[in-house]
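Before anything else, here is the set of structures, which you'll find just below.
Both complexes shown next keep subunit A, but they swap its partner, so subunit B is in the first and subunit C is in the second.
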Partner chain A sequence: MAMNREQTAGASIRISRLEKRFGNVSAVDGVDIDISAGEFLALLGPSGSGKTTILMSLAGFEFPTAGNIVIGSEDLTYVPANKRNLGMVFQNYTLFPHMSILDNVAFPLKMRGVAKPERYARAEEALATVRLAGYGERFSSQLSGGQQQRVALARAIVYRPRVLLMDEPLSALDKNLREDMQLEIKRLHAELGITVIFVTHDQSEALTMADRVAVLKDGRIQQIGPSRELYERPANLFTAGFIGEMNFIGVTVESVGEAIAVSLPSGEHWNVPSTSAVDPLQAGQKAVLAVRPERLQIGGEGAAFAFHVKLADIVYAGSALLLIGHLPDGTEIRARLPGASDLSTLTPGATAVFSVPKEAILLYAGGAK
Partner chain B sequence: MTSGIRSQFWHSDGRRLSGLSTLLLLLPFFAIIAFVFVYPIGQLLWISFTEPKPTLDNYARVVTNPVYARVLLRTLWTAVLVTGLCVILGFPVAYYMSRARAAVAAFVGVCVILPLWSSVLVRTAAWSFLLQRQGLVNSGLMATGITSEPLKLLYTQSAVVVAMAHVLLPFMILPIFGALRSIPDDYMRAAAVLGAPRFRTFLEVILPLSLPGIASGSLLVFLTALGFFITPALLGSPQELMIATLVSQQIREVLDWPFASALVGVLTLFVTLLALIFSKTLRFDRLMGAQ
Partner chain C sequence: MKPSIDKGSLALGTYVYAVLAFIVIPLVIVIPMSFGQNDYLEFPPKGFTLRWYAEYFSSRQWWSATSLSVEVAFLTAICASVIGTAATYAMVRGRGRLATLFQILLIGPIIVPHIALAVGLYLFFQTIGLSGTVPGFVLAHTVLALPFVVFTTTAALGKVDASLEAAAMSCGASRFSAFRLVTLPLILPNVVSGALFAFIISFDEPVVSFFLSGVRYKTLPRRMFEDIEQNLTPIIPAIATLLIVLSIVVLLGAHLMRSRTKN
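This part shows the complex of A and B:
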C-alpha cells in the first residue's frame, strides 16, 4: 500500500548472496532479499541467526565477506556508514547524554551543514512527529525509555533518509509501551513512506508490524513472505515450529495419489488432500503432520480427520482452554479451545477425540523432532 | 535465629545495606581521614591564627610580601602546566587503550601503572641523570646538530614540569581510560549513521563524554602537583622556590610554624576555591548522567 504512493520517499534494497564470516563462524551465509521501496520488512530469527550482522552490513559497520548491497540504484556494499544516508534506531536508544534532546535530534542536520535556525526548526518538527513537542530542552536522563526511543526515532528520520533500520528497537521496553511504540512506528511508516527493516526475535511483533517477514536460521533465510503465508503455510519444519505453536505428529506415508494416505501413531488412517503436502512425499516414507493447536476441535468421532488423545492436563485461561494430551508414542498434543467449550465429560486421564479441518493439515518430509 | 542479626545489616529487601552496616563499613575510612587529615590540618590552621597571640599577622605577611605571593603563583602555574602536559600526553594513550584489543590494552595498562611501583625519588633521579650537561638529552641534541653546546636543562622550571608530568601521568591516564571505556560502542555507531565522519564523532561525542575523566584526572594531578616536594627540590632552581619547599624551609630551618601554617592555610583556600569552581562549571553531575 505504501509501496505505490510517493515513489521518492523510500528506496528499494537488493541484498544479493550476502556472506559474512567471523573467523570460521558463518554469521550470514548466502542471503538474498529484495525489498521494494516503502516496504516494511521484519527480520525474524532465534538468537545468533545473523539478524544483527545483516543490519550491520546494511548500515556499513561491517563489510561483508562476499555479496553486495544495492540501495536505490547505488551499490553501497563498501561505502562507509557516515556516507550512506540511512536512518537507524538502536536497541538502547543511544541518545547522546551530553546533548539536550533538541541537540540530539539536530545532530544529523549539523553533520550535514544545515544552518542553526533551520536545523532547530526541523528538529522541533521531527519531535512533534513523534509527539514529543516541547521536550527539546530536556536531557535523555529526564525521559522514560519509551520517550527516549521516540527521540531516537525522531533523530533517525529528521534528515529524511529513504531507509530506516531498526535493531530490536522495542526489546528494552515493557509490554504496554512496546505496543504503543509498535503503533507509533507503523504510523510513521505509513506517513513517511520510508522503507523499514526491522529486526526482532519477537514473532508476534514481526507478524503484526511487517508487510513481509524474513525468517532466518544459522545465517540463512528459511522463508520470506507475508505474515499470513508464514503462519498458515510454513515452508519447512523450522518455520513451522518457530512461528506460533504447532503440533508435530510423526506419521508414515502409505500411498501417494490423488490423496495421500498416512497412518497416525494413535492408529487412525487419514486420506489427506495432496495440497497439504508442503514437501514432495513418497509411499513408505516417514513424514511429519503439523497442525496448529487452535485448529483442533473437540469431538467428531467418525469424521474424516479425527484422532484419539489421552488427556494429561486441562488448563483454564479465561478466554481460552488449553488441553494437553499424548499419543501412544509419547507425542505431545496441545489444543486451544474457546474458554466456554463444554468439557463436562473430559477429565485428565480420559481419552478425547479431536478432529481437524482438512485445510489445517500440513505434511512435511522427515522424522518428527 | 540468624534473621535478627541479618536484618541489622540488610534491609528486608536484601539489596541495600542497613544504616548500621553502612556506618560500620565507612567508619575506618572516616576515622583515618579524621586522624591523619582533618586533625593535623585543623591544628595547623589553628596555629596560624593563634600564635604567638590571636592574630592575622601571619596571613598579612604572606599577602604583603611579594616574594611569597610569587612563590604561590609559581606553584599554581607549575601545577597548571603539569596538568596540561599530562592531558596532552595522557589522552592519546588512554584513547588507544580504550580502542585496542583486550590483550593489547592490558599490556599498555601495565606499562602505565608499572612506574608507580618505583619511588618518586628514583624517577626524579633518572631525570636528573638524563638532563645533566653530559646527559643523554644534551648529547642527543648535539649529535643531531640541533645545538652546538650543552643546554642548561637541569635546575630549571621546565625540568620540574617535565619530570612532574612524568611522575603524575598515570593519574591522568587511568581516569580518562575509565571514562572512554564506559562510552558504549553504539554511540560511535549512532554518530556514524547520523552522518558524522570519524573526526566529528571524536569532537562531538567521544571528547565531551570523556570530560568527566579528564576533569577528575586533572583534579588529581593538579592537586598532587601543588604539594609536590621531591621533584622541585631535586630538579628545580633554588631561586625558583615552590610552596612545598618554602613550607619545609619555614618548618625545618626557620622553625616558624605559625608562618608555615599560614602558607598552608592560603594554599588550602586556593585549592578549595578551585575545586568548587571546577565542579560548578563542568557540571559533573550532568556529565555523569544524573537527573
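This part shows the complex of A and C:
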C-alpha cells in the first residue's frame, strides 16, 4: 500500500496508574505501561486478570476509575470510543451481516465522510492487504472464520489508525488457521508500522508475536519485557509458573555470600551463583529454586548441581521424552529430554540423577506452593 | 430474561393464528350478508347487490370515521414501533435491574381488561382535555399496541450481537449511528411487523375508542356500534368485510416480515 509514512507510523501510548473498579471488584489495579511507537505489545494473563478491561479503557468503551491514557500526545482517558481513531479487532469477528464485505471495510471511511469512490478504492486496497482482494461482493456468512477475521482486520486498518487493538482475535480459530493468522498479523504490523496491543491468554501466541509481553494477574502487571527475558528470567514466581513449564523446588538458604548455599529436599547442598537469585535472600530463609524441565540433564553424579529423583513415569512422545519423578518431600520434578536419549537403565521406581547447568537455576524468596 | 423471549414469540404466534381463525369463521356468515338486497340483516341473504358498499364509500359520515381511524392507526403504528423498539433496546441491552419491572409494565396492557383501561383513560383524559382528540386516541392505542411491538422486537434484538455496535463505534460511529446503521437494519423486519400489528390493533379497537370518542370525533368501530344500535343495515357486514380483508392483508404482511428475519 502506498501510504504516507507519517500517517502510517504508529503512535506511542502511555498508560499511567490505571485503575478500574466494578463495585468492589478491582479489575485493573494501578497499571503503568509505556509503549513506544510501532511496538507490538501482548497483554497476557489468566482469565479475569484485567486484560480486556485495559484494552476497553484504551478503546474508550470503559472509562477508568483513576489514572490516564495518553496516545501520541493526546490525553484520551475520557474521550468516547468513536472519537479515538483507533483500530479494533474483536474476538468474534463482528462483521456487519447485512453489509457486503466491501461495505464493511468501507464503513469507517463512511463514518469519516470519505466520498464513495475513494471509500471503495481504499476498502479494496485494504482487502488486498489482508489477501482478500476480490471478496468485496460477498457477505460475511459466505466466508470462513479466518477470512472473516481478516476482513475485520482490514476494516480496522482501512482508515490508517496509528494504534491497533485486538482482544483475543484468534481464539475462535482452530490451531492451523491461528498460526497462519499470527504470521499475517505480524506481517501487517511490520508493513504498516502501526502500534499493536494484542490481548491473549495463550502464552505461546504472546511469546511468538510480541516485541514485549506484559504479564497480568489480578489487575496488576507482574512483569513486562521481551519474550526471552520473560522466559529465561521470570521476575517472580507467578510469571515463572505462568510462562512455560517450570519445576519449583522448596529449598533452605544456608548462607549468602559470593555464592548462595542452599539445601535441597533430596539432601544435596548446592552453591548457587548469586546471579541466580531473582529476589534478595538471607541465610536461614525458605526459598524456591526454579528450573525449566528442558534444562535438566540425565546423569552427572558428582557435578556441582546434581540431585536425586525417584522416577514415577517415563512418557515417550516422539521428539521428546518426559520424565516425571518426585523428591522425598513429594515435590514433582519433570524433565524433558531429547527423544533419542538412552534410558535403558531407567525404569519407574528407580532413582535417577539429574544435573542442571548453573545458568538455568533461578532462586526466589518464599516457600514452594 | 431469555426464556420469556421464546414464550413471548410463542404467545404471539398463538395470538396471530387465533385471530386468523376467528376471522375465518365469521367470513362464512358476514361476507354473504353484506350483499343482501333487503335493508335489514338476514341470513341467508336474498338477492345480490353492491349497494351497501356504494353507500359506505359515498357516505361522508362513514368516510370521516374511516379517515380518523386510519390517521389514528397510522400514528399509533409509528409511536408504538418507535417507543416499543426503544424500550426493547433498553431492556435487552441495558444493565439496569429495573428491566424486569419495566417489561412487566410494558406488557401489562395485555393482561388488564380493556374496559378497565378504557374507564381509567376516559376519566384521566377528560380532566386533561385529551378525550375525543387524535392525540388522545393515539396515546391510548399506543399503550395497547406496545406489548406487541415489544414481543416482535425482543426476540430479534436478542439475536443481534451487542459487540457489533461496539465494533461500529470503534469504526467512528456515534452510539446512535451504530444503532441506526447496524442494529436497526438487522431487526427492521420485526420492527415493521410490530408496526403493522399496532396499526391493526388500533384500527379495529372498539372498547377504548367507545369511551374516548366525542360527538365529532368517532373512530370507525365506534361509528359501527352506533349504526348497529340505530339502523342495523347490511352496511355493517359490508364494512366488516372490508375490515376483514384489511386485517388479513396486514397480518400476513407482518408474518412475512417476521419470517424474513429468521432466514
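The rule is simple: the second predicted complex is superposed on the first by the 361 of 369 C-alpha atoms of A that agree within 3 Å, B and C clash if a C-alpha of one lies under 4 Å from a C-alpha of the other, contacts with A are read in each partner's own complex, and residues count from 1 in each chain.
By definition in this document, a contact is a pair of C-beta atoms (placed from the backbone, for glycine too) under 8 Å apart; a residue touches a chain by one contact, two chains touch by 3 or more.
Predicted model only: the values in this text are computed from it and were never measured.
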Overlay on subunit A: subunit C relative to subunit B, clash or fit: clash
First, second, both or neither for A:22, with subunit B first and subunit C second: neither
Subunit B versus subunit C as contact partner of A:63, first or second or both or neither: neither
Touched partner set for A:112, first subunit B, second subunit C, both or neither: both
Touching partner for A:142 - first (subunit B), second (subunit C), both, neither: first
Subunit B versus subunit C as contact partner of A:78, first or second or both or neither: neither
Subunit B versus subunit C as contact partner of A:98, first or second or both or neither: both
Residues of subunit A that lie at the interface with subunit B and also at the interface with subunit C: 59, 61, 80-82, 85-88, 90, 92, 94, 96-98, 107-108, 111-112, 155-156, 159
Of all residues in subunit A, those that touch subunit C in their complex: 59, 61, 80-83, 85-88, 90, 92, 94, 96-98, 107-108, 111-112, 152, 155-156, 159, 165
Residues of subunit B defined as touching subunit A within the complex: 184, 186-187, 189-197, 200, 204-205, 208-209, 211, 286-287, 289-291
Partner subunit A, residues of subunit C touching it in the complex: 161, 163-164, 166-175, 177-178, 181-182, 185-186
Touching residues (chain side subunit A, partner subunit B) in the complex: 59-61, 80-82, 84-88, 90, 92, 94, 96-98, 107-108, 110-112, 139, 141-142, 155-156, 159
